[in-house]
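All remarks here apply to the structure that follows.
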Amino acid sequence: MDGDNKIILNVGGIRFETYRTTLKKIPATRLSRLTEALVNYDPLLNEYFFDRHPGVFCQILNYYRTGKLHYPTNVCGPLFEEELEFWGLDSNQVEPCCWMTYTIHRDTQNTLAILDKLDIDSEKPTDEEIARKFGYEEEFVAGNLTTWQHIKPRIWSLFDEPGSSAGAKAISTISVFFICVSVLSFCLKTHPSMRVPVLKNITVTRYPNATKSWILDKTRTDAHEAFFYLELVCNAWFCIEILIRFIVSPSRRKFVTSPVNIIDFIATVSFYFDIILQEIAQRMNEAEILEFFSIIRILRLFKLTRHSPGLKILIQTFKASAKELTLLVFFLMLGIVIFASLVYYGERIQPNPKNDFKSIPEGLWWALVTMTTVGYGDMVPKTYVGMFVGALCALAGVLTISLPVPVIVSNFSMFYSHTQARSKLPKKRRRVLPV
Amino acid sequence: MDGDNKIILNVGGIRFETYRTTLKKIPATRLSRLTEALVNYDPLLNEYFFDRHPGVFCQILNYYRTGKLHYPTNVCGPLFEEELEFWGLDSNQVEPCCWMTYTIHRDTQNTLAILDKLDIDSEKPTDEEIARKFGYEEEFVAGNLTTWQHIKPRIWSLFDEPGSSAGAKAISTISVFFICVSVLSFCLKTHPSMRVPVLKNITVTRYPNATKSWILDKTRTDAHEAFFYLELVCNAWFCIEILIRFIVSPSRRKFVTSPVNIIDFIATVSFYFDIILQEIAQRMNEAEILEFFSIIRILRLFKLTRHSPGLKILIQTFKASAKELTLLVFFLMLGIVIFASLVYYGERIQPNPKNDFKSIPEGLWWALVTMTTVGYGDMVPKTYVGMFVGALCALAGVLTISLPVPVIVSNFSMFYSHTQARSKLPKKRRRVLPV
Amino acid sequence: MDGDNKIILNVGGIRFETYRTTLKKIPATRLSRLTEALVNYDPLLNEYFFDRHPGVFCQILNYYRTGKLHYPTNVCGPLFEEELEFWGLDSNQVEPCCWMTYTIHRDTQNTLAILDKLDIDSEKPTDEEIARKFGYEEEFVAGNLTTWQHIKPRIWSLFDEPGSSAGAKAISTISVFFICVSVLSFCLKTHPSMRVPVLKNITVTRYPNATKSWILDKTRTDAHEAFFYLELVCNAWFCIEILIRFIVSPSRRKFVTSPVNIIDFIATVSFYFDIILQEIAQRMNEAEILEFFSIIRILRLFKLTRHSPGLKILIQTFKASAKELTLLVFFLMLGIVIFASLVYYGERIQPNPKNDFKSIPEGLWWALVTMTTVGYGDMVPKTYVGMFVGALCALAGVLTISLPVPVIVSNFSMFYSHTQARSKLPKKRRRVLPV
Amino acid sequence: MDGDNKIILNVGGIRFETYRTTLKKIPATRLSRLTEALVNYDPLLNEYFFDRHPGVFCQILNYYRTGKLHYPTNVCGPLFEEELEFWGLDSNQVEPCCWMTYTIHRDTQNTLAILDKLDIDSEKPTDEEIARKFGYEEEFVAGNLTTWQHIKPRIWSLFDEPGSSAGAKAISTISVFFICVSVLSFCLKTHPSMRVPVLKNITVTRYPNATKSWILDKTRTDAHEAFFYLELVCNAWFCIEILIRFIVSPSRRKFVTSPVNIIDFIATVSFYFDIILQEIAQRMNEAEILEFFSIIRILRLFKLTRHSPGLKILIQTFKASAKELTLLVFFLMLGIVIFASLVYYGERIQPNPKNDFKSIPEGLWWALVTMTTVGYGDMVPKTYVGMFVGALCALAGVLTISLPVPVIVSNFSMFYSHTQARSKLPKKRRRVLPV
């Protein structure tokens, strides 16, 4: 009889039986150290009582029996890991077949942690939380805040917390409106019908009789004057906004290092810088070069991140998928270099008077356009060998892009679906303190 | 010994044991209020009996133990929530790792609720249900319906319930036929070979001897006369159909506010409006302008929703995905503005005589065509900087579109698969009343 | 005390307790009819014993308790349904939240049934099975098969069962080779460098002096003579093959109605028909018209289904997805009609001298090319309104195609993955007969 | 009473009851052979004790009851199979509905086995492991390694284990740098602005007075001399690297047969071969032909596999998806042959002076470009029949490519996600030996 060797474990009312030797297989754990001196040993029933989840314990006991740690799939990962911790087991010992289960909820936790920081759709903070944020905690508790300490957080929430009040919402809307107007003006002022020719007198000496006359030169055009005033208004607002936000920001160091604020600052400054330079440049006749600086202002669109949760999620997705994006770009670069080389030599095998592929660097453009299946048709292989390379290139492109994109997509949908799930939950959730 | 503190809970025959203190952790719930005075306390066995699901209870008891509410994954969400309700627990307390489980079945219920309203593939209603729909319930029960009250529902089901009878099916087929003919005529009558030149005498004075003559002017063409009669027949049918449907509709207010009916009405009326205006316009020589109004008639295609479950699902998908579609359009707009600006300035860095990008607004079209990977090739970057921007644009397009589309796709497949599942179930399902 | 009302059900050793009234909730089932007179009632323990799955029973008992039938997700569907059947319950009563679970394994069973019929990768049939197939069962058992009855199945498996023997494999390879040669010849003979001009003397009367002379007319070209002999050889093989296969086929009615055989027959006959007609046509000078008939021969590629499991799966996928394909085509047609109309009128609002959209039917082609993101660029909107329509069209195309395609893809991957799974299992599986 | 026939099985403390006859249904298994003489029979309780997983046993006992083996979905596959093995059951008997569960974890194991061999992100091997790898195990244990035996593994890990030390990382970086420079030089030297015309004196005899003069012929261009020196340096490094790696490689046979090393060798040798041939060719005036050989050097990019885990995974994915890739290419080939034929004849039905489809082989290119949705627009159908074929072709392309690609994508994401999961686990995992 092997009765003496047997041990009864009462886990939450369910009685599990096993051999004592089984429990010794994983040393230095709660179960390997069971003695009858323990409080939870019941001499009457000759059993050890544990107030734990019996269903999960079944899986844990099996780890002792087989020496292999598998995750159960009927409870979620964190619950199982909490049990593992209670029983003194190491969740890293998980079998390879359960690695995915092991990592999936870790990824979920990462996602949730990032979402928490993103501050999407969050509830209005209490006065105390705001005071803590501004470092006025002591004064707040003591109740002797100065007037500025009273006003500062209010202005801050007016400009930085769009959901906090009707005024904040109005300011947010104005801000979005000026961003849109500024970008619209930026785009429209390049349109020919919005440009005014700059008339310049050029003295021309005409031969044979060398009479000097002058003509009007209209080669250079300037944007219509209205755009200047439009942008002036926009920039005035941006200027005021960034100044106020800087003054009332809880942490100026954080404010200055935030990428969105840096973009905002550069874009705003560049406008004034432009005006000054243009004055100087007018004499140097090189005003057009200056326009290239204005490209910075398009980055102002990223200020919308402060107002759009969707854009926040997109940027977080790209951050979280940096590895996969690198992989995608790397695969594409490999592909375009190989296919550009192949098509360059391929198109030269057969006589081909209308060859579009004069050099490999030009072929890179074709290969990329083909691999992304854009296919402008400005360069097309004309010989059978080139066409065969083109066929391979199109096929390789479909595969190359299909492979890493789903990983990025799943990152995005993790962020997106959790944001959606979060927004459906009631905001204040009662929390039971673990004992 | 901790025996006194222990409590036995017999849930559906399975005995769970825990400490009394554990049950007190979540106050104001069924388990925290257990007393021996309860009917389901068995003094003999010293246990409380509950006629509930023991497997799910295991998970619920664990909530008391750990203070964390996790959803089990071996039973479906609604079952678990029913148990939670029985035990007096709040399903909103769910841990973040189980949010998805929590929201998924809520989404499923939304989907099912929408599908119920869509009225796809539904069984033939009984006479009583029809009478209730028309508000004749009392008269129906009393048995003294007037002749009109008898006929009205029959005509209604003939026109609005295509599956109700052979006659209804025939009328539905005729209706679809006329929609197709009307749309076909709309398309074909613009074809050059279907158009007849309008001959007009124009008196021309020829110099030098100023003799007056006339020539035939054929610049304006009209659609072949046959199309007019074709459309006349179609519109006659639509006119009759909408009139009858309006007269016999159970609720005229609902009928008038339904978007499909409004489209139908405008499209039908616009035809007659056109004829009248054309008479007047002939004198004003501006008949062509009128043709633009006819674009309304293409909306007649949406009348097909009444006859196609697939189209109903598509429209519901777009309604349910409004948020994601907005996000997609927003991402695309951000992308095209940024890349149009970049390519505009990029193409001007190197000397580029054949530059296609004369302004940013034109570049927007290129950026969109590239980001959607359509790539017409009517505008193509020609310099290396422009090509680099083009490469980024194509890549960004692939990602931008790939990210929100799967969310929309999953909305569609939720609708579609549930419709498929519904159609496979027997129509009349016996229902056990909960006691 | 409610002890009297309680009932103990011992299912596979696990004791479930419930109230007698609970079991009465669903009438006319095994549990609602329990009496102490039953064999499985144990008066000593006062319990009913059932030798069934206790885990599943827990879920079934819950159906009695709550009146709602949910599928458990820890056992697979068919197992649960078998239990439901034992307990006399109706699986159609399933709650809407579990519909998907309910239908998924039904779809799986359909897939498996279709795969069984497809006859992919099947094991060599025994002589008895072959005899049964040919209807010689009685003679086979009696042992008095005629010589023809011996040979016929052997020839049949030589031609129709490529995996049955080395000879069958050789014949299959030859057959595939001839199909490829025939298709290759079909393609290549249209190439200009493979064509020989047909020289014809044409008598020309030259003016003014009306001297008659003749010139060589080379407008018509014929395929090189070699192709005729190549095709003759191919067709000879196809002719022999189809004849033998017809003669030895187990069921001639089935053979004649099989689509692949009909294609094969028409393609083979059309070749001889062509030769005859060409003789006649030469006098009628209309040989080129005849060439159009030869398009039938390209269908010969479908003969490859007999040799490629992948192609079989593809065709089955399209068959099984007929509904979704119709939906896809319907969505696309709606889309192209709407966008063709919009772009046609849109391009005429602004003055547009290079308008590509002369009529709506031409616009249909543009709309389709844009919606499928092919984007040839042969027709491109040139005005801002047209470009806006184009943007909508491209976006609508991406969505329209993305929505139904995943349903078709999942049909394919269901077929494909089950074929893969099947091929990994040992062929002969021992079957335990249910008692 | 059926008590005598009943049997109690105590599995891990949970008591299961069944009929003895049930256990006899599957002969020659552990449960069908139970006798009271067994050690684990407890005469007191009249039960058999097994120290196994009770939850899984429930499913196994059900196999005896129903004769159908279903996989449970609350434990992972390998755990269930280990239990099956203990109970003496055959996992191949699994029901068709659970085939996917059965094969999925087999695929996972294959993936893990391949990943193990790929040697991605692995920990630094111990000296003993290195010694074993080099076959010096005995000498290592004895402690009498020669100096060369000491140095060889160090040099090897310097060149072949980029993660082993800072030096190894530096060498790896240098190697990647030279690959990039070599490929960049390969691409750039074909650019017109990087080429120097080869000047040659050609003596020309001018008529009428037959005076001989000479002109400079610039038709042939050579790459700028700098590229030669650049490539010389690169090749010197590659030469040294491959030599050292060959000398210190643990197994020279393996080294020589590795595809990456073969490519490396050919690419390196081809450079010197080129120089020699060019000397000879200069006299033969056919230097350009030689350049085609240089295409081999682009394969040098595959040397990056040694440095990029992503590329390793990509190549493994294509290896593991060989079947699906073949299917994809086969589907595409079928498609392009059919649509090329249809469009060729389709475009000839209507009069079509600008027909792009002169022959079927040219149509193949169009069909492929359309099916992959690249759509260059160099060939476009011009007639209505051709456009209809084009529409079908685009649609068929979307489907043909959508169907097999997800299978390949899932192969990639299996490799990728397991690599990611692996990298998140602690490297040294304690292993409990099974008893």
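We call the chains A, B, C and D, going by the order they appear; numbering starts again at 1 in every chain.
Rule of thumb we're sticking to: contacts are C-beta pairs under 8 Å (C-beta built on N, C-alpha and C of every residue); 3 or more make two chains touch, one makes a residue touch a chain.
Small disclaimer: the values here were computed from a predicted structure and weren't measured.
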Q | Any chain in contact with subunit B as well as subunit C | A | A, D
Q. Going by the stated contact rule, which chains contact subunit A and subunit D alike?
A. B, C
Q) At the subunit C/subunit D interface, shared numbers over all numbers used: above half (same) or below half (different)? A) different
**Q.** Of A-B and A-C, whichever chain pair has more C-beta contact pairs
**A.** A-B
(Q) Can you work out the whole-Å distance between the CA centroids of subunit A and subunit C? (A) 42
Q) In angstrom, rounded to a whole number, how far apart do the mean CA points of subunit A and subunit B lie? A) 30
Q.
I need the residues of subunit B touching at least two other chains; which ones are they?
A. 14, 55, 73-74, 361, 373-377
Q. Given which chains touch which, is the overall layout a line, a ring, a star, complete, or other?
A. complete
Q: Could you pull out which subunit D residues touch subunit C in their complex?
A: 1-3, 6, 8-9, 14-19, 22, 25-26, 55, 58-59, 61-62, 65-68, 70-74, 90, 92-103, 106, 326-327, 330-331, 334, 337-338, 340-342, 344-345, 348-349, 358-361, 364, 370, 373-377, 380, 384, 387, 390-391, 394-395, 397-399, 402-404, 406-407
Q) In the complex of these two chains, what residues of subunit A are touching subunit C? A) 73-74, 373, 375-377
Q) Tell me, which parts of subunit B touch subunit C in their complex? A) 10, 12-14, 39-40, 42, 49, 51-55, 73-79, 82, 105, 108-109, 112, 183, 186-188, 190-192, 291-292, 295, 298, 301, 304, 308, 310-311, 314, 317, 328-329, 332, 361, 365, 368-369, 372-378, 401, 405, 408-409, 412-413, 416-418, 420-422, 424-426, 429-435
